[in-house]
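Two complexes follow with chain A in common, the first pairing it with chain B and the second with chain C.
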Partner chain A sequence: MSGLEFVRRTVAYTVLLLVTFLVCFPLLWALSTSLKPAKDVMSTPPRLVPREMTLENYRNLITGKQQYYRADQSYVPSTAAPQHFTSWFANSVIVSLGSTLISIVISTLAAYSITRFRYWGRRIIPYFSLLGYMIPSIILVFPMFLVMTELSLTNSLWSLTFGYVSITLPFCMWLLWAFFRGIPIELEESAMIDGAGRLRVFVDIVLPSALPGIIAAAIFSLIVSWNDFLFARVFINSIENLPLTVGVMHFFEGTHVDWGLMMASAVLMTLPMAVLFMLMQRHLVAGFGAGAVKG
Partner chain B sequence: MRAADATADWKAADTRIGIFFVLPFAAAALVFMVYPVADAVRLAFYDHNPLRPEASTFVGLDNFRVIFEDPLFWQSLRQAAVWTSCSILLQTIIGVALALLLHLPLRGISVFRGLLLFPYIVPTVVIALILQWMLNAEIGVVNWSLKGAGIIDENVYWLASPNMAMLSTIMLNVWKYTPFVTICVLARLQTIPLELYDAAKVDGAGALNRFIDITLPQLAEVLTVVVIFRTIWTFNKFEEIYLLTKGGPGTSTFNLAIYSFEQSVANLRMGVGAATGVVMMFLLFAGSLIYIRVFRFAEDDTP
Partner chain C sequence: MSIRLAHISKSFGPIRVLKDIDLEFPEREFITLVGPSGCGKTTLLRILAGLETASSGAIYHGERKVSDLAPGKRDVAMVFQSYALYPHMNVFRNIAYGLKVRGTPKEEAARRVLEVAKVLEIEHLLERKPRQLSGGQRQRVALGRAMVRKPWLFLMDEPLSNLDAKLRVTMRSELKRFHLRLETTTVYVTHDQLEAMTMSDKIAVMDGGEVQQYGTPEEVYNRPANIFVAGFIGSPPMNFLAGAAVAEGALSLDCGGSRGRIGRSPLAGDASRGVLLGVRPQDVGVHASAQADCIEGGIEMIQLVGSEKLVDLAYGRGGQLTAQVKADARLGVGQRVWIGFDAARLHLFDPASGRNLAPAG
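Right, the complex of A and B next:
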């Protein structure tokens, strides 16, 4: 390795480390705060590596124990409603999985149909979906709320599940359409010449080759529904039916904002997405490649 | 050789299967996409109070008159333009720079790729909460560090002064969505033929010249797509601002989405909120038309 090359590499690694630190700092800081005992959370100088570590904040969130803070000689509840955290978490999981399942099943069938059959109107479906996924949620949310009111579904997890389908369905459709177009048709044709029926071909040949696209669409769908705040804010009004995103906002209602507890919930809220990200990074990039990312 | 070899009867049955497969999508699209959008347009012409839905009345273009005569609407539009253009400019520059960095043939680069793309999947609520904590004027780590480094003497009110609040929401947006630009650019970089660079090296072109003459033209197309998409989405963002500043202090970080939300939820004027939504959709379709004009894509649709 030449001297110049060595200098170049050192500079590149230094810049990379610096940028990575800056980008990751908010999450590191949240993790650090969440692991500090209450007395250290606001102490100065702020330390990235806690002097003492405790899982107290996490324990309180999971067991739903109310935490008390000392203010002016008296103990006051630091945050409202930590006892709902586990139900919020479960709600988020249920509605994310539910809306993703619905969107994926519907758009997989439709993507197969419009790329393999000839009938009137099939060509407009991808463009229609593209327009659909450009429509911002703020426009959909109130009409959807009126629909849910008509169906008496407001304040239920169903309303959220269906609400998220209105966001995730168009881009699952767009992504899977792009993906299905790219799957060579020859294999299916030879199987059909050998006498296999459509359904048989679909299940045995098409689904396995479409799997990477389906996984990518599912990941994006999960990310979008897990992240949503607006639909839940408008649709749900009883505290125990909230998903995490709106639920944790109730932690601001106490007399004192308990930043330790707040950061612990931020970490727990990121965790499922982080695991998904690590397991599925390859597919995530494939999805970006198909150009079907909502963001 | 395709299914055309089969008999006409069989083909008709086959098409029926195809239509059967697309039916769930058609139904879901009608209920969850077409109907809400149509209803949003209808609402824009009605005076609708969600607490008294039975008193909903047709008011023609009144809602549009209300928003066009409302200084706050124009202020929101201006702020949205500032917010969007600053965010997109920074995201594009930083995103391209990061992509070039991550494209280097270094050992362990995939670890950095993973870490630098991570913000994209962090929920907006999470980063908004963390920034509220970090940017807290009295006890936040940002002010403390800046003071420690001697950059500022007084605490900066990141979320409580209008300009700083705007800057903070831009920072949040740039942090979260730069990875989107990076991934798209990185994917394109990996497909540029290396021979192009070899020839330039032989000609003695420096790194900067090679970037301007070879890399940038190759990236032009993907950057155009990314910028158009990101502009459309960023312009209409709600949560990225609302969760950090609630549109405040005052109305200094309102954009059209927050304006629409406040009209519908705080003022209970769903019609006015919907009219704002129609204006947003109009702007969005204009943006999409540009996209479709620039890339008359998919002429080569499957048969």
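Right, the complex of A and C next:
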């Protein structure tokens, strides 16, 4: 390797490491704080690697044990927040999975219809459905709240589920439309000649062929639903029905902020999506790249 | 059961793709639809399969009208140009899919798949996915998927076009062997006239959405109905010589300033008229010395194609044709030669309509 090449590579790797560290630092700090005992959270100088590690914060979150903390090392009652963490987690899982399932079912059928059938307006539907993304969510959420109120769905997980479907469905349909267009129609024609009806062709041939795209759409829908704050803040008003994103706000109530508990909840909130993304990133890249290259 | 296409027409919007096609395919025969790209042969095949509906006309299987039947109800099997193998299924499941859809018991389906795999020599590939197969192997799997259902009609849409030249030759004879063994009516689409000639019992030559001629390979080769069929069928392609004329029972050719007699006219009577002369390269004689009923010309180019040579000849003012001679013929570029024609093998076409006035043989 020449001297110039060595210098170039050194500079490149240094920059990469620096950027990676800057991006990952907040997550690392959250993890570090979550593993510190209460007395070490605000210690100076601040330490990224805890002097003493404990799983107490995680234990308290999962078991719902009341956490007490006093600035002078004595204890005051905190809010009732820690008792509901597992409920919030379950709510997030239910709402994310539910909205994803509904989005995927509708978007696959819609995308297939737009791709394979001939009817007026089929070409403009995908573009038209994306118009909703041009309106800020903060403007959309209030008319949606009125709709949920009329349907008596406010303060229920159904309001969040349907709300998230309205957000994720257009993009999922768009993504799957691009993917279905890349599936050769001869595959379906071959199955039809073999005797399969349209629905069987869709289930046996089209869906398996479009699996990478479906996974990509599902991951997108899961991440959007899991991370939403606005809809949950507006639609849900009882503490036990909150998802994680809004529930952890309650750690800020009261006189003090239990940072260890807060960071532990942040880690537990991030972990499922991070693991899912790591496992499925191959499909995500394939799905988002669909249609870019002639199949 | 024969197949009858009765006055089939098809339009896509304002574009007429098929124009009043009327054909009958006898039972158990190998019929080829051949023609250039865009002639409508694939559209006609898809109408037979039920993947397209005709704008007008009807299709009969025997006496039964099937025009409105769904593809799955016509008991046909189709091999696509791209093979259309299901990418997420292994070879076994690909072949078995049609049986599974029709409710064949698992054991029976497995037995039939193995039987077909043995015939096609693909038993060792049953666990592989399509992406792990070569082009020839995929072609066999596609064939197996069609054969396993034992349909009464095979439809094949240019199944050899994705193969290399050598494999194409091998698979051509294999497909013909399978047809002879299975005795199933087969309708085959290709743009390759050599495939059509070597494999078919009957050929339908198509152009511009119309059937130009329908007959046996011998008929379309020796008695082409018009200029298009004459030029499309046969390799190397037929020479068409302008400036030919018939007068007083003799056939002559314009050699630039003079007319050279090239033989007796095959047309009946003494009528005089201009004609377009068609002669296959194999029926052109190249002589080193003057001969009767020959015209003088020169050799422009010689191409060796194995056991023969293709000789490009020039005559008169701008006249050109190609002759096919034995490889050991002693000829050189620039040599002056005498060009003769096998009178019994000449075709005379009407210059205006392109119709064959006097088919050879």
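Convention: the second predicted complex is superposed on the first by the 277 of 295 C-alpha atoms of A that agree within 3 Å, B and C clash if a C-alpha of one lies under 4 Å from a C-alpha of the other, contacts with A are read in each partner's own complex, and residues count from 1 in each chain.
Just so it is clear, contacts are C-beta pairs under 8 Å (C-beta built on N, C-alpha and C of every residue); 3 or more make two chains touch, one makes a residue touch a chain.
These numbers come from a predicted model, not from an experiment.
*Asks:* Thinking of the overlay built on chain A, is A:F277 touched by chain B (first), by chain C (second), by both, or by neither?
*Replies:* After superposing on A, A:F277 lies in contact with chain B but is clear of chain C.
*Asks:* Does the superposition put A:F171 against chain B (first), chain C (second), both, or neither?
*Replies:* So A:F171 meets neither chain B nor chain C here.
*Asks:* Tell me which touches more residues of chain A here: chain C or chain B.
*Replies:* Touching more of chain A: B.
*Asks:* Given the touch rule stated above, what does A:P46 touch, chain B (first), chain C (second), both, or neither?
*Replies:* first
*Asks:* In the overlaid three-chain picture, which partner chain does A:L27 touch, first (chain B) or second (chain C), both, or neither?
*Replies:* Touch status of A:L27: first partner only.
*Asks:* Is A:P184 touching anything from chain B or chain C once the two structures are fitted on A? First, second, both or neither.
*Replies:* After superposing on A, A:P184 lies in contact with chain C but is clear of chain B.
*Asks:* Quick one: is A:M192 in contact with chain B, with chain C, with both, or with neither? Answer first, second, both or neither.
*Replies:* Touch partners of A:M192: chain B and chain C.
*Asks:* Please work out whether A:I205 is in contact with chain B alone, chain C alone, both, or neither, and reply first, second, both or neither.
*Replies:* Only chain C; A:I205 stays clear of chain B.
*Asks:* With the two structures laid over each other on chain A, which partner does A:W226 touch: chain B (first), chain C (second), both, or neither?
*Replies:* A:W226: touches chain B, not chain C.
*Asks:* Looking at chain A, which of its residues have contacts with both chain B and chain C?
*Replies:* 189, 192-193
*Asks:* What does chain A use to touch chain B in their complex?
*Replies:* 9, 12-13, 15-16, 19-20, 23-24, 26-27, 29-30, 33, 42, 44-46, 102, 105-107, 109-110, 112-119, 122-123, 125-126, 128-132, 134-140, 142-147, 149, 162, 165-166, 169-170, 173, 181, 185, 189, 192-193, 198-199, 223, 226-227, 229-230, 234, 244-245, 248-249, 259, 262-263, 265-266, 269-270, 273-274, 276-278, 281, 284-285, 288-289, 291, 293-295
*Asks:* Which chain B residues qualify as touching chain A in the complex?
*Replies:* So the residues of chain B touching chain A come out as 1-3, 5, 14-15, 17-19, 21-22, 24-26, 28-29, 31-33, 35-37, 39-40, 43, 50, 53, 98, 101, 104, 106, 112, 114-127, 129-131, 133-134, 139, 141, 144, 148, 175, 177, 180, 183-184, 187, 225, 229-230, 232-233, 236-239, 242-243, 257, 260-261, 264-265, 270, 273-274, 277, 280-281, 284-285, 287-288, 298, 301-303.
*Asks:* Which stretch or stretches of chain C touch chain A in the complex?
*Replies:* 49-51, 70-73, 76-78, 80, 82, 84, 86-88, 97-98, 101-102, 145, 149
*Asks:* Considering the complex alone, what residue numbers of chain A touch chain C?
*Replies:* Residues of chain A touching chain C: 184, 186-187, 189-197, 200, 204-205, 208-209, 211.
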